[in-house]
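Two complexes come next, and they have one chain in common, chain A, joined by chain B in the first and chain C in the second.
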Partner chain A sequence: MATRLQYENNCEIGVFSKLTNAYCLVAIGGSENFYSTFEAELADVIPVVKTSIAGTRIIGRMCAGNKKGLLLPHNTTDQELQHLRNSLPDSVVVQRIEERLSALGNCISCNDHVALTHPDLDKETEELIADVLGVEVFRQTVAGNILVGSYCTFSNIGGLVHPHTSIEDLDELSTLLQVPLVAGTVNRGSDVIAAGLTVNDWTAFCGSDTTATELSVIESVFKLREAKPSALVDEMRKSLIDTYV
Partner chain B sequence: MSIIHEKSPKHCAEKQTTKILNKSKKKLLFYSLMFFLSILCLILLLRFILHPSNPHFSLTQVDINHLNITSPSPFLNSSIHLTLLSTNPNKRTGIYYDGFLLHASYNSHVITPDTSIPPFFQDHQQPNLLSASLLGNHHHVDPSLAAGKLPLGFTATGSLSLIAKTLAMAQGVGMFTVPQTIGSVLCCRCGILMQPNAANMCANCLRSEIDITEGLQKHVIIIFCPECNSFLQPPRTWIKAELESKELLTFCVKRLKNLNTVRMVHAEFIWTEPHSKRIKIKLKVQKEVLHGAILEQAYTVEYVVQDQLCESCARVQANPDQWVAAVQLRQHVPHRRTFFYLEQLILKHDAAKDAIRITQMDQGIDFFFGKRSHGVKFVEFVGKVAPTRSRTDKQLVSQDSKSNTYHYKYTFSVEISPICREDLICLPPKLSVSLGNLGPLVICTKVTNTIALLDPRTLRQCFLDAEQYWRSSFKALLSSRQLTEYMIIDMEEVRSEENVGGSRYVLADAHVARVSDLGKNDRHFIVRTHLGHLLSCGDYALGYDLYSANSNDFELDKYRGVIPDVILIKKSYEEKRQQRQRKSRSWKLKSLNMEVEDGTRGREHEEKMNTEYEHFLRDLEENPDLRFNLSLYRNKEYEPSMASVADGDDVPSVPLEELLADLDLADEESEEDEMVE
Partner chain C sequence: MPRKPKKHSHSLRHRLVTFSPFARSKAMATRNRGATKVIEKPKLQNKDLATSSFNGFKNNGKDKTQQSGSSASSDDEEFEGDVQADFVFFDPKPSDFHGVKVLLQTYLDNLQWDLSGFVDLILGQPTVGTVVKIENDEDDAVYSVVSALNLGRYKDSKCVLELKDYLLKVCRDMDVKGKLKSLVGEHVQDVGLLVSQRVVNLPPQLLPPLYNGLFDEVEWATEDEPTEELQSSFRFKFYLIISKIYKHKSADQNGGTVKNGEETLIYNRPEDEIFFMLSSWSFSFPSHAQQVTANEMQLKNYRPMGLVMVVEASKISSFRKQLHSLIDE
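Let's look at the complex of A and B:
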């Protein structure tokens, strides 16, 4: 189920948070509302960690990660690194990488199996990504934009890309990522998808400017509606009842 | 000594021709060779680039369903299903398989009939699977083939053709681009499927959300003068425009403020009832909205038309005869020749187009103007065509001492000198001496802004401009009304032809007699005249009869020298005119619309005016330099009579080349308005 919220009156949720299947990182804000919304959804399932990266609050765009690992840019301070290592579960490998393009969230878009990266990323970084995150790395562009981390976002179930993506590109990406993709918008027609939306396998958070249409697209492609308990019961009922007598 | 080799021309000719032939042959050979070479090169190049190679075939699957030999006569029945994989190894060429025939054979014996495979096209580096079923029934085979292994062979015969992909060729060695088709997204507000745009909202949602005409004027008041159909552009300009015209559209659009924030694409009128005093304009504007999308929107602006008289119309309304400047032209002579001539001049130069009213007065014409500047301009014009002196006065009409504005009526009194053409003048002695002892009796030959005086006895000419004249304002002794007719008995040239001030004169002695004297008495005169070039024996001339004239001129009385008896002025065509009896002329003149203040004059005056006009017209006919400055128009009703051709010595008439075709804006035919001269 997708939740609409704001960070200090700004609808770009994906900039100030990072959500994966194993953890959630949240930026430190003036009020606790942002943090408490995440906590309300996720507290008993995965750890919600408040942090900053390189002293900034734009943590969603600075780091990239999935349930297996987290990659941090070279300007992350030691304290932040230590704090993250302590807060995150042991199964998550936290690694600081030396990379010229330090906004890793804009350059890398990944789920638990596949990652799309900026075409200009270093070879070592690519290897590190494959290693730490345990994914297959593809260098790609989305609708002609090289910042793949900003213009597309995907989980293990589905993905949303820039609205101007052509059908051929969509097919190509879909085959690479092995998930269904749809071209759409978020936050009332904004095409910077990953900045306005953060998603994992069972929940999504998007900016409060997101219209109902966009929300329905998000929920359908990431299959968030079926996460409700009633859906499961309906499925079971269909399989239990063979014939109507 | 050098050796000269001589060859016969024939030999040379032969040699030359052969040479030419050789040359052309050589050229031909050369070009054909080049052509073939270039084709060869092209083929080699293609070969080199494309590297065409044969397709690779491999057997993927063979199903033998049925294979047995019947006895006693060895017949072989077989049913084999075959799948072949063929790959095209070429990178840039495709292969066209033009139909294959497959058959199975054993030891070069064909055991199945040919099965054809339909033709197909194979793209570059594309694998294709070909499958065929071979059925052989009752093939006669060698009896040696009894049992054991049966080595089967399959043969395919067919033709291939390599096709270079033009697309690949065109891109050379570059990337192979996939054609991009834009997908569709849902509009973020209403959810309908649409092509993605910069705002990612469908046009309707965008339009309903953003109004780019916000802040633009939708209601404007404009001021209109119903008298002169013009609209006020503040602060003071009035623009004349018709309803639904281009000028009105530009004016209305200019009156809109803030239109520079958006880009206007289209503007047009929406019809409104003229009496409604409303003008509606539909405007289409474009503006950039969120995320760079450009939105176009149409909206209507309503103009309320308010009536208000403009200043000039208000003034006219208050007093319709309101003039500000009046020019009073006067010439104190008993005839109106000057004014006829002036009228034509004014028409030609359009000098009186600003005049509100023109009135014909006794001994002159009055012109009334709406602005002082027009009056001044007219006075200056008259000063350029006639010797005048003028004075100007003004009269206060109204004043506003608070704002220091005063309204006056200006009057210009212009007096034209009384000297006309063909006048006989006796110069006052002081003037005569100052002009170089010009004989006191002179003829005025030409009057423009200077007066040309000619002494007929010495053929000396001098010019007096207006100032000089008015300093010593003399009057004419005799004027053209007092001309008498003379007949030339004899002419004798004294001096040869002279060119005096642009005109030719010949000094001659003439033996003349008055026509009134002919037959009655024998009085004749010998006179010196300047018209030797015009007159000859038997001609009639007009001149001043000083012999019998009674002039009360002080100057003439004081003159001690010899006063001639006759002074001839011009040739007379009176006789011939009476013979001709031609009523209409081939040309006509236009006239100013003057208000004539008659009433008391009566018919006599009118007749006098008509004869004077007739004289004026005759003058025009006789003097080409007089009509030089005027516009004569072709008279359409004129029909040349038969008698005119028979006349030997013609009365002077205006040649056709000098006439202007009158611009006739009638609906039947449109005249070409050409200056023929």
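Let's look at the complex of A and C:
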């Protein structure tokens, strides 16, 4: 299910939080309401960790991660790094990287298997991403924008990209990522998808300005609607034997 | 009858003293674009540079101006000269939603309220209200918004109810509270909420036409609106204004006077001073939202406050004259 919420009158949820399949990071300084909405959805399943990165609240845009790891920019303080290492599960590798482009969330978009990165990222960084996050890395642009981390967001199930992405680009990206993609908007026509929305395999959070239409697109592409029989069959399809010859 | 956008081309010799993050980033963007242009085409004559425009900004490169406190770029080039911009006034329309919302973020301090609904009210009133943009701006950014909303007309909407509750809550002055209660209670049909927000460095020369435009539109609306009910909704008797000021920290203790000849009150916007003098009553309350201020040193003795004023509609013509003379001097 997708939840609508706000951070201090601001609908850019993806800026102030980071959601993956193994953990959720939330910015400090917001009202308890913001934090408790995340807790209500996620508390029993994954840890919800309050943090800052480099002293800022824009944590969603500063870091990139998936269930296997978390990458932090070079200006993350030692205390923040330690706090994150302590609070996240041991299976998650927390790594601070020396990369000129410090807004990693804007430069890297990833799920548990594939990552799309800013074309100008260092070769070293690319190798670190493949290593720490355990993903295959592709340098790409989305609708002509180099900030792939801002203009597209995808989980292991589906993805949402910038509204002006052409059909050819959509097909190409979909082949690369191996998930269905849809071009759409969030927060009442905003094209900065990843800033307005944060998603994992079973839930999504988006800004309260998101219209019902946008929300239904999000729920359908990320397959968030509850327990449809077809969803189960899709998952099991590989192991099901249809006919005996 | 739709009115055409009013054009006000001001060729500005206005030094952009940028001291807000937004303005800094805008100035940074033009500075970098300007700098690259100079480097790439060193043979361009000055007049070619002047006539070529990108996003409506032109870089004259005449005098070097120091940008106060900004040195984030590794570029050695200083922000050169004056920037020309053509400001255009438009009627508010639904596509301005995001721009207007950004300007109104701190309207009610750090209260979480139905801001989106409030912005919708402003945009739903194309006949009264103005949005200021830059000509041929590819970002279509909103630099200022003004509007007058009849609180009685919208009294059932969630945002107006939250606004009223907020005002009644922050008003600590008991004498004034009674007047405020009656204003938002029985007399709510006669009250116009004057909304006016802009980027900090908007040239002051735009203010007289902006406010003149608004008050003229209010007058025209009393005749042009389709129904009698709407026409009378614009016959305001009072204007309610919510704004921000800085009060000297020792002002309350010394009974309203301050040593060292420092000002008791500093107004963020010049028109607030005129409104305050013309107001029938007003009250201020401490503000909690994070304030971005340029002159930290100068403002360290001051506390940010919110200010609520009520001005009688009959005083508006006096306001227009005073604003004119204030800006033109």
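Simple rule for what comes next: the second predicted complex is superposed on the first by the 224 of 245 C-alpha atoms of A that agree within 3 Å, B and C clash if a C-alpha of one lies under 4 Å from a C-alpha of the other, contacts with A are read in each partner's own complex, and residues count from 1 in each chain.
In this text, contacts are C-beta pairs under 8 Å (C-beta built on N, C-alpha and C of every residue); 3 or more make two chains touch, one makes a residue touch a chain.
Keep in mind that what you see is a predicted model, and the values were worked out from it rather than measured.
Asker: Does the superposition put A:Gln6 against chain B (first), chain C (second), both, or neither?
Answerer: second
Asker: For A:Glu168, using the defined touch cut-off, is the partner it touches chain B, chain C, both, or neither? Pick first, second, both or neither.
Answerer: In the superposition, A:Glu168 touches chain B alone.
Asker: Which holds for A:Thr213: it touches chain B only (first), chain C only (second), both, or neither?
Answerer: Only chain B is touched by A:Thr213; chain C is not.
Asker: Report for A:Gly184: first if it touches chain B alone, second if chain C alone, otherwise both or neither.
Answerer: A:Gly184 contacts chain B only, not chain C.
Asker: Under the stated touch criterion, name the partner, chain B or chain C, that contacts more residues in chain A.
Answerer: B
Asker: Touch check for A:Asp44: first (chain B), second (chain C), both, or neither?
Answerer: neither
Asker: Looking at the overlay, what does A:Asp78 touch: chain B (first), chain C (second), both, or neither?
Answerer: A:Asp78 sits against neither chain B nor chain C.
Asker: Regarding the shared-chain residue A:Asp90, is it in contact with chain B (first), chain C (second), both, or neither?
Answerer: neither
Asker: Chain A residues touched by both chain B and chain C?
Answerer: In the superposed arrangement, which is not itself an observed complex, chain A uses residues 188-190 for both chain B and chain C.
Asker: Give the list of chain A residues in touch with chain C in this complex.
Answerer: On the chain A side, the touching residues are 6, 8-11, 31, 33, 188-190, 208-209.
Asker: Taking the complex as given, what residues does chain B use to touch chain A?
Answerer: Touching chain A from chain B are residues 178-183, 185-191, 196, 199-201, 290-291.
Asker: Which bits of chain C are touching chain A when the two form their complex?
Answerer: Against chain A, the touching part of chain C is residues 97-98, 105, 110-113, 115-116.
Asker: Provide the residue numbers of chain A that touch chain B in the complex, in ascending order.
Answerer: Result: residues 163-170, 183-185, 188-191, 211-214, 216-217 of chain A touch chain B.
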